[in-house]
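Order of writing sets the labels: A, B, C and D. Residues in every chain begin at 1.
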Amino acid sequence: MSETLRAGIVGAAGYTGAELLRLITDHPKLDLCWVAARDNAGKQLADVLPHTRGVAGIGDMTLESFDPAQAGKLKSRIDVAFSALPHGASANICDSLLKAGIRVLDLSADFRLKDLGTYEAWYNKHPVPGRISEAVYGQPELHRDELAGARLIAVPGCYPTSAILPLSPLLEEKLVESDGIIIDSKSGVSGAGKSPKRGSHYPETAEGLRPYGVAGTHRHTPEIEQELSRAAGTAVEVIFTPQLLPMTRGILTIAYAKALPGVTAEQCRQAASKRYPGALITVLQDEQLPDTLWVRGSARAQIAYAMDPRSQTVISMCVIDNLARGASAQAIQALNVSMGWAEELGLPTLAMFP
Amino acid sequence: MSETLRAGIVGAAGYTGAELLRLITDHPKLDLCWVAARDNAGKQLADVLPHTRGVAGIGDMTLESFDPAQAGKLKSRIDVAFSALPHGASANICDSLLKAGIRVLDLSADFRLKDLGTYEAWYNKHPVPGRISEAVYGQPELHRDELAGARLIAVPGCYPTSAILPLSPLLEEKLVESDGIIIDSKSGVSGAGKSPKRGSHYPETAEGLRPYGVAGTHRHTPEIEQELSRAAGTAVEVIFTPQLLPMTRGILTIAYAKALPGVTAEQCRQAASKRYPGALITVLQDEQLPDTLWVRGSARAQIAYAMDPRSQTVISMCVIDNLARGASAQAIQALNVSMGWAEELGLPTLAMFP
Amino acid sequence: MSETLRAGIVGAAGYTGAELLRLITDHPKLDLCWVAARDNAGKQLADVLPHTRGVAGIGDMTLESFDPAQAGKLKSRIDVAFSALPHGASANICDSLLKAGIRVLDLSADFRLKDLGTYEAWYNKHPVPGRISEAVYGQPELHRDELAGARLIAVPGCYPTSAILPLSPLLEEKLVESDGIIIDSKSGVSGAGKSPKRGSHYPETAEGLRPYGVAGTHRHTPEIEQELSRAAGTAVEVIFTPQLLPMTRGILTIAYAKALPGVTAEQCRQAASKRYPGALITVLQDEQLPDTLWVRGSARAQIAYAMDPRSQTVISMCVIDNLARGASAQAIQALNVSMGWAEELGLPTLAMFP
Amino acid sequence: MSETLRAGIVGAAGYTGAELLRLITDHPKLDLCWVAARDNAGKQLADVLPHTRGVAGIGDMTLESFDPAQAGKLKSRIDVAFSALPHGASANICDSLLKAGIRVLDLSADFRLKDLGTYEAWYNKHPVPGRISEAVYGQPELHRDELAGARLIAVPGCYPTSAILPLSPLLEEKLVESDGIIIDSKSGVSGAGKSPKRGSHYPETAEGLRPYGVAGTHRHTPEIEQELSRAAGTAVEVIFTPQLLPMTRGILTIAYAKALPGVTAEQCRQAASKRYPGALITVLQDEQLPDTLWVRGSARAQIAYAMDPRSQTVISMCVIDNLARGASAQAIQALNVSMGWAEELGLPTLAMFP
């Protein structure tokens, strides 16, 4: 397949929407043809995203409202839609787009959890439960085969991406025990979205580092467990501790897992290197350690492993950009794979440094 | 002309070098074929720029040393070279590259000043004074015609770019007086380069805003004056006050100039819009004001004007990314123009936001 | 006078309120006996200012509502009140406190402008115009004599403080011309207050520097002009350009004024040193330049002067902490002076560094 | 005891030295009488710490060199000395001060480890091994009795303080298992000191979060284990993972420990509240979580506990300011205790917020 797709974004006014704009603009096989929003419908993009002002073909696009009843007409304008709406609001719109024959990448949580009961326990009543089974969890390196030709792709969450990537090869290869895994994750504040709130007010964010959603209360917990269970072939329960720190983009996840007897850090590196032969994951060697700055703005993940010698605990480390690899760039990567294109097509492989 | 050029970077290990790497990698008509450095010669790129680790075709490039005597051989490997070396060190290397028939974009100050005496008053003895006259000052919007086919392009400094862009149309159109111009500029600290020093040590940079090089002592003063004098058609002297603030990338320049009688802010906007019809400068309208965040990572400049009603003073505002539009992206834009390509070819037109 | 005063804060839940808490707690002659708030009345301090949690005698204070009708009763609890309410809301409350015989330091703009028409042109209808004449503009170094025994003190704004301090000695001593003064001021975002908004949302504030309120539209303009006119002995009009930068605390103001013939930078330094013999202003010598970091958290201002040799323009530079010297610490300093105490009593004279 | 002590600082030019200056200046029973430095001897304080410029009695103090042979003379000038020198350099100087009859608070690591072999395994050959046994580990809440009258106090490290405080009550009360403890700590970059280096260069620190010294290689590991072993009454080995984040001050430590059967988070809170009745530790209640911003600049620690319900793991959280509670303020607190003064005497109990 080598055609160009006409692309649309619903929820274009938020941060993942803005990141999609940037990435689609640079993609050789995607043409941005439609942008929609809920609260800002009727405005020009430049009026809600001032960095687009004066950018030819972007800044003067009008954010449309989207009436699911008219999804049929939209089919004449776009082939694929990215939904950057919040969970709950996204599912119905994805459904109407799919009915109109439009491919969908859903960046919300609505189709990530395969178990309806789990979804409803952590979120709300599911608006379109019948669509869950057809959705493919869009982590490209780990679900490559399922993605081929997929028409509904549930793009993974930011924290889950950073936890699943380093741990999956270890669990798949039985290098670590599947219970007792501790996941200590730190995120930049863009993950909390575009709406101003106390938790992202500059004077109370700069020089502030704080945990939140501790002890199994964060909604990304079941998503992480679903995917680690898949990797382990058995039910996995984790301790997940998210934290916010004073930077805009970036997640560092450090996961602690008990090594099976005799396992070395080098074996972990080899397992990951073998599992991730693609262009967008760097498995660091030897004593190299990652830094969120080194992946900022890119689709890349950096992964490293160390072994605590006394306790035989594997320390897995992973950095990603939460808006890029943790959301919008991974969405495009998943689309690339589903279309049979090179997975890195059009994506920034190199961070913006510094 | 539509050929692809083989490109090289000398001084690839620094910040403008790293930015060139990012931009060249995404450019459809440039192939990166050679990287060189002085202190880090012999190392792999990934060892000095860890964000390149694992990036196919980049991270494992070896930084070569460059012997001017062997520039001839280099001709078989590259067509164009970007020099991101410090002033003083750059001129001789540019000279040897030119002699070998290689086009040169010099990001140092060595060929920016057309007057040898001025150069030697502000810098050192010029290593290759004979080359000064052939160098084209590479501000693409203002030197478009001279750039056509240019083989030695002196890429403007970051502060000068942010001062020249908003003021030149006003001086050219005689909207403001040419004397008494005050230029108050604030820059992120990446402009001070990659070598750790007190002035960019994190604990003494965060929460710190400070002037430096005040009262006509900063080396960018004569460069600004050269270009504003060109625009005004008469000798212009300015007051230039640079300041450093706690962010990595970005310059905001606010310039104050006395309006000629009857001139309005709207006339200033129109003059700039007419002068800058290209893809990479946004002239803001009405009450819109710029923000460095809105151009970060891009080749774009945003320009705005306001009129102080009581004093009839034009307040000109310009934001750029000092490493992109203020250095590496402007270098590529100048190359694009010199090659007859679209000026924005391969350049990020949209900021990384947020 | 050497008694201890019982102090209260109305508007204690905001940033200047929080700073007052910190400073009053360390003051040897002030006992905090009453805290009040509008929106948060009934809550404990620790619930709205979590840094006070567990702080003996502070965190468990209850924010009271304040009924002006009951100001009389309050007199039995406090001798002096600091009002950290917004302008408009503050004046009536100050009035009722004064009527009850309580000294008042008003940190709002309500009593700063001596001309009623000017106040009403820039703000709203004044709630208590009859009080304006009795209010003393609480810049301690410049209004020391008037402050003695004052019962209603209008604490200066943050930007005005940073502009008035460096310029007043020059105007008083006729070292600079009184017209054509340009004041380019940059502030940390805590000045915008505690309510989350787009302009202080972390992801859009970090790496962002932006002007606002340009061309004579910012409300601090008439306050600056009132005080500079007082210093000059003639009406002064200025160009004032405020800007926000990514840090929490700190203002750097750079002012440009035409020197009278023959004036030197050294004369400016001497004039300021003579004018400010007190403990809390540092006049930098020779080539020394200020940094906001060097005054953070303290009551100190650093002032420096340079002369642009070609244009004979004095470049005046001043740094303060906008919440400390620009608000709460200056309020306490003014109270100290009004009480006849050492002006620096109980105030941090040394910045928190780094 | 109510006398005033004459205090000195050796190593005054660094960050913990600067913090000591700030705190001693505000202490009612300490008079700063002597400052010394190695590299900067002969300079005025204002020349190496520009925030002291113009501060009466501080900025114009001369940094003296310190000749151990002349410690005797120093006795006539000071009663107590704080050593803020690096480990290795500090021990001999402390020894000479002690010999002269001067009390010593050593902020280096030289006297923290009670086991000589451990010290020499992690650092170098100990310069004064004979002094180790007389040194008191200066964590005031946990070593209160030993501190009474102590003349050589080893002030704890920053990371150890943040780990020991929350975990000690749990181990002492047998609420958690003593093995398998994981300590995930994140620190602001001021902990790396005042010398500019790559790891604290602003452009590579902002927007960067990175682990270092992982898998038991950081020197604070044995110090943490020594103190936790003391609390547990048995040898404790931990996994310690330090990380640096883009802020100046602050540490958040999250520790994971297996709860003994039936233990609740509330029991942990009660144990800590009972253990820490003093003025400077806040044990958060219920769902309250800490933030480094809420202790910045203060001697306070905030501690919180949560229980992961499925794995019965206690998640202990502690925030401190690494330069204050993690170094200089804790030193003064230890001195206060050793003198029989209130432990919080002269110390900031309230953070600088925001």
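Note that contacts are C-beta pairs under 8 Å (C-beta built on N, C-alpha and C of every residue); 3 or more make two chains touch, one makes a residue touch a chain.
These figures come from a predicted structure and were not determined experimentally.
**Student:** Please identify the chain with the largest separation between its CA centroid and the CA centroid of chain C.
**Tutor:** A
**Student:** Check A-B against B-C and say which one is joined by more contacting C-beta pairs.
**Tutor:** Looking at A-B and B-C side by side, B-C shows more C-beta contacts.
**Student:** Would you kindly tell me how far, in whole Å, the mean C-alpha position of chain C lies from that of chain A?
**Tutor:** Going by mean C-alpha positions, chain A sits 46 Å from chain C.
**Student:** State, to the nearest whole Å, the distance from the C-alpha centre of chain A to the C-alpha centre of chain B.
**Tutor:** 35
**Student:** Where the CA atoms of chain B average out and where those of chain C average out, how many Å apart are those spots?
**Tutor:** Here the centre of chain C sits 40 Å away from the centre of chain B.
**Student:** Check each residue of chain D and list the ones that touch at least two other chains.
**Tutor:** Residues 15, 188, 190, 203, 206-207, 246-249, 291, 293-294, 354 of chain D each touch two or more of the other chains.
**Student:** Mind pulling up the chain A residues that touch chain C in the complex?
**Tutor:** Where chain A meets chain C, its residues are 15, 188-190, 194, 196-198, 200-203, 205-207, 246-248.
**Student:** Could you list, by residue number, the parts of chain D that touch chain A in their complex?
**Tutor:** Per the stated touch rule, the residues are 180, 182, 184, 186, 188, 203-204, 206-212, 214-216, 237, 239, 241, 243, 245-250, 252, 254, 256, 289-294, 296, 306-311, 313, 315, 317, 319, 354.
**Student:** In their complex, what parts of chain A are in touch with chain B?
**Tutor:** Touching chain B: residues 15, 18, 21-22, 25-26, 49-56, 58, 190, 206, 248-249, 279, 281-284, 288, 291, 293-295, 297-298, 300, 302, 348-354 of chain A.
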